[in-house]
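The chains carry the letters A, B and C, assigned in the order they are written, with residues numbered from 1 in each.
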Amino acid sequence: MSFTLASIAETIGGQLFGPAEIPVTGAASIAHVRPGEITFATNEQNWKNCLTSLATAAIVPCDSPIDERLPTIHVADPEKAFIEIAKLFRAQVARQPIGQSPRASISPTAKIAASASIYPGAFIGEGVEIGERSRIMPNVSIMENCRIGNDVTIFPNAVLYENTVVGDRCLIHAGVVLGAFGFGYRTHAGQHHLSQQLGNVVLGTDVEIGANTTIDRGTYDSTTIGDGTKIDDQVMIGHNTQVGKHNLFCSQVGIAGSCRTGDYVVMAGQVGLADHLEIGDHVVLGAKAGVMHSIEPNQHYLGAPAMPIREQLLIFASMQKLPELRRAVSKLTKRIEELQRTAATTQSTPTDTSHDQREAA
Amino acid sequence: MSFTLASIAETIGGQLFGPAEIPVTGAASIAHVRPGEITFATNEQNWKNCLTSLATAAIVPCDSPIDERLPTIHVADPEKAFIEIAKLFRAQVARQPIGQSPRASISPTAKIAASASIYPGAFIGEGVEIGERSRIMPNVSIMENCRIGNDVTIFPNAVLYENTVVGDRCLIHAGVVLGAFGFGYRTHAGQHHLSQQLGNVVLGTDVEIGANTTIDRGTYDSTTIGDGTKIDDQVMIGHNTQVGKHNLFCSQVGIAGSCRTGDYVVMAGQVGLADHLEIGDHVVLGAKAGVMHSIEPNQHYLGAPAMPIREQLLIFASMQKLPELRRAVSKLTKRIEELQRTAATTQSTPTDTSHDQREAA
Amino acid sequence: MSFTLASIAETIGGQLFGPAEIPVTGAASIAHVRPGEITFATNEQNWKNCLTSLATAAIVPCDSPIDERLPTIHVADPEKAFIEIAKLFRAQVARQPIGQSPRASISPTAKIAASASIYPGAFIGEGVEIGERSRIMPNVSIMENCRIGNDVTIFPNAVLYENTVVGDRCLIHAGVVLGAFGFGYRTHAGQHHLSQQLGNVVLGTDVEIGANTTIDRGTYDSTTIGDGTKIDDQVMIGHNTQVGKHNLFCSQVGIAGSCRTGDYVVMAGQVGLADHLEIGDHVVLGAKAGVMHSIEPNQHYLGAPAMPIREQLLIFASMQKLPELRRAVSKLTKRIEELQRTAATTQSTPTDTSHDQREAA
């Protein structure tokens, strides 16, 4: 597939500076662009990077310089224009509604909107409800009495245990498991006995759950994820936890049971939370933080055990100087011993008693 | 759905203090209870929390006070009674045996008990054996020659590679993978060559494996999990590892190859173990511990690298004081320099030689 | 199943020292061997371990001693011979090509080699291409326009999003998800808006991806994994990341978006990388390392935040001495105070001014 620079400029309504007939065979960002492809710049630094890249042409802001070495198309919003062109090259998958595949297993008691799509291999249990335009992709398993809103996409091989509730416009990625048993046991006579599993998982609207993430059901109540919260791949959220609105959890975060987060909380990769913590609104937790205590709103924490980031960075800096510090202390010790020795010598004659006083102190 | 307080009291055989006809529309724990719902208390502190909660009524211990503000039902075991009521409100899924779904793919050489249930989309390979009353849920894949005991539940989309053995009463959650290849390579001429994969995975009886957990097969032998051990979601257990009985591993624990754990070992979230370690009976590993060496029985370890918890907590406390310590040392250094300077001045006249001795020391 | 020692010796072309008719009922490595089974030794230490093990016989190097207590079969390469015998005992699964199962869902626009095997429950989307002898196992979902090379195995329940490219001889384990959405958002008016998802995932040749690992697609371009790279279970690789050739990533490693690794990079378990880092050729990252900055080739890093291993080990050692160091500093402080006090006493008469100078310093 290839387009001329002129036709690309016309498509995105931009002004071309360069030869009209040059063929363009692909679109890629600066870091990945190869000869024959078009890239884009959003500022002058980017524009300079385009010049030294292998790109055949670039989409640039209107006020960018013109340079003989690189044909450019000038537009108001280069990234938006680039996306339009990139879509020409990348086969876009426009999935049409497919209705209910005869290869899906659908309970006769399920209520499925006419505009929903149920792909082959999907299992839809008794009493399940699925809203308008929602798509249940291949080999998804949705157990009894789940309620799925409108415009939801559940990607292949995800699993929803019974009674899970999913709000409108949620995206649930492949391999996600919602509603597995909470990890709670009572140990009696040397045996671990599973706690009650009467609760479920409830997602608000516009929630995204990344691939292979797991969210366990509540003991008696619901484990809940607030509206607009986005969760990356391989995150674990324990039973009874209440996640607020518009949180962002990066990959491999682990939240133990019965925690509660405010709104707009951000957790970087591999963060871990102990159970029963309260994390305030707008808290930010740095990568690999290990949080043992509740955190007030608007704080930025880091490290394991987690501390306010300013203190933690000082501690990190100090740790790097630790071997040096030990050497300094051992030198000091020697110097003090010498001082004491010489002091003892000096003082031995005139004020001999002071030494005894010192020992007694 | 709604029940009167009187009918609830009758159901659980309790004594009601409050208006008989009040309707109850749900059951929830104190932290989640909403108006119209009933909750429960197990002690006096809980009972006070009930008073200030939104609950319409509470199930409480026999000897609890009576308070006009909150109708209460008094019983010997409030939690047990609450569970009974909660089940009335929460649609309980009682899965009847379904036999072998025609939508499952079952090898003619598989031996499946008549009382077992094989759901749609399940794949049962050659030579597989499945015991009495066991349930293989939708889209589970069980490869050749696996042996599944009695009363086992395998939740949707779990995968058992060939030769996996599962003891009676195990629960295997959705997305679990048992028996994938061990991560062992020999590097020869710049290529990594996979080691042998002749082993398998063997689970004892009463084992629970959390969602999306992975356990790799042994090289020549079995990776084994002892009777009664409970494993949370997203745990990784490497090839050849031998896990003892009644262990508890929390979410996102990672155990490298060829480790061995005793009985009643507990690992908190995100713990990591290097390979070829021995962890003694009753060892407890705190969250995020990074274990590099074997650990004797009955020890409690914490931190990365992991240390005995008492020492580690002292170290954590000291780390928080590190910047302060550095300042203290730098002050001390100055003070000593002054002392040396003044000592030199003082001594320069009477005992000038001592200074030279010091330098030589 | 059982074989005589004589028949085993004949099978592997070895020389038997011991009774010919002893029956052997299994094969296991020294750590797992039980009575009745045969094991193997590759050196003299191993050979001694065989003597004290429960093994009934052992396969040993040609020059090993002969000992009455343990029948031995002497061969040039004991491990190779052992593998041959182990395979006799362990039911080996030789999967014959099965063609296209009528229980698979295969798009009429897919191009599938005649020698490929598509198992029941597999979903093959529009425009997918699958090469010679490749096996797509049960309940795998392959979305639109994926291209799978020759001799690839995709284990059960793995998911490939649209446009994923898989090189020849790749092994993709159960539960793997390739091409889910990258975790990139723009926050506007309090809402997080998903970034473009125009890219895909591209695996080179001879890549192995462990169970439940997730690799996200690029924003505009490809997330790529180089030839010969081996990735363990539950690893997360973020969008746009470029992994080099022959890397080894152990379990639960997490790599954020837009990183780039050289060739022969090794990451131990639970390592985490921040985004946009460059990791040079032959870098080794120790378990649980938290990498915040790019790393030059041939370095060995450890810790969180990660540092060169020599420095980090010194720091770890110093941390263990921290409580001791604090005590030392507090003792020094007292000793200096005493020295200052006595110095003040000594000097008070002759040189009283020096004290004031000190205070001013």
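Assume contacts are C-beta pairs under 8 Å (C-beta built on N, C-alpha and C of every residue); 3 or more make two chains touch, one makes a residue touch a chain.
Being a predicted model, the structure only gives us computed values, none of them experimental.
Peer 1: I'd like the angle of the rotation relating subunit A and subunit B after CA superposition, in degrees, nearest 5.
Peer 2: 120
Peer 1: Shared numbers divided by all numbers used: is that above or below half for subunit B and subunit C, i.e. same or different?
Peer 2: Different residues, largely: of all residue numbers at this interface, under half are found in both copies.
Peer 1: Using mean C-alpha positions as chain centres, tell me how far subunit B is from subunit C in Å, no decimals.
Peer 2: 22
Peer 1: Could you list which residues of subunit C touch at least two other chains?
Peer 2: Answer for subunit C, listing residues that touch two or more other chains: 121, 139, 157, 175, 212, 234, 252, 270, 304, 319, 322, 325, 329, 332, 336, 339, 343, 346.
Peer 1: Contact residues on subunit C for subunit B in the complex?
Peer 2: Within the complex, subunit C touches subunit B at residues 27-29, 31-32, 82-83, 86-87, 90-91, 93, 101, 103, 119-121, 137-139, 155-157, 171, 173-175, 206, 208, 210-212, 228, 230, 232-234, 246, 248, 250-252, 264, 269-270, 287-288, 304, 316, 319-320, 322-323, 325-326, 329, 332-333, 336, 339-340, 343, 346-347, 350-351, 354, 358, 361.
Peer 1: Touching subunit A in the complex: which residues of subunit C?
Peer 2: Residues 105, 121, 123, 127, 139, 141, 143-145, 157, 159, 161-163, 175, 177, 180-181, 183, 185, 190-192, 194, 196, 198-200, 212, 214, 216, 218-222, 234, 236, 238, 240, 252, 254, 256, 258, 270, 272, 274, 290, 292, 304-305, 307, 311, 314-315, 317-319, 321-322, 325, 328-329, 332, 335-336, 338-339, 342-343, 345-346.
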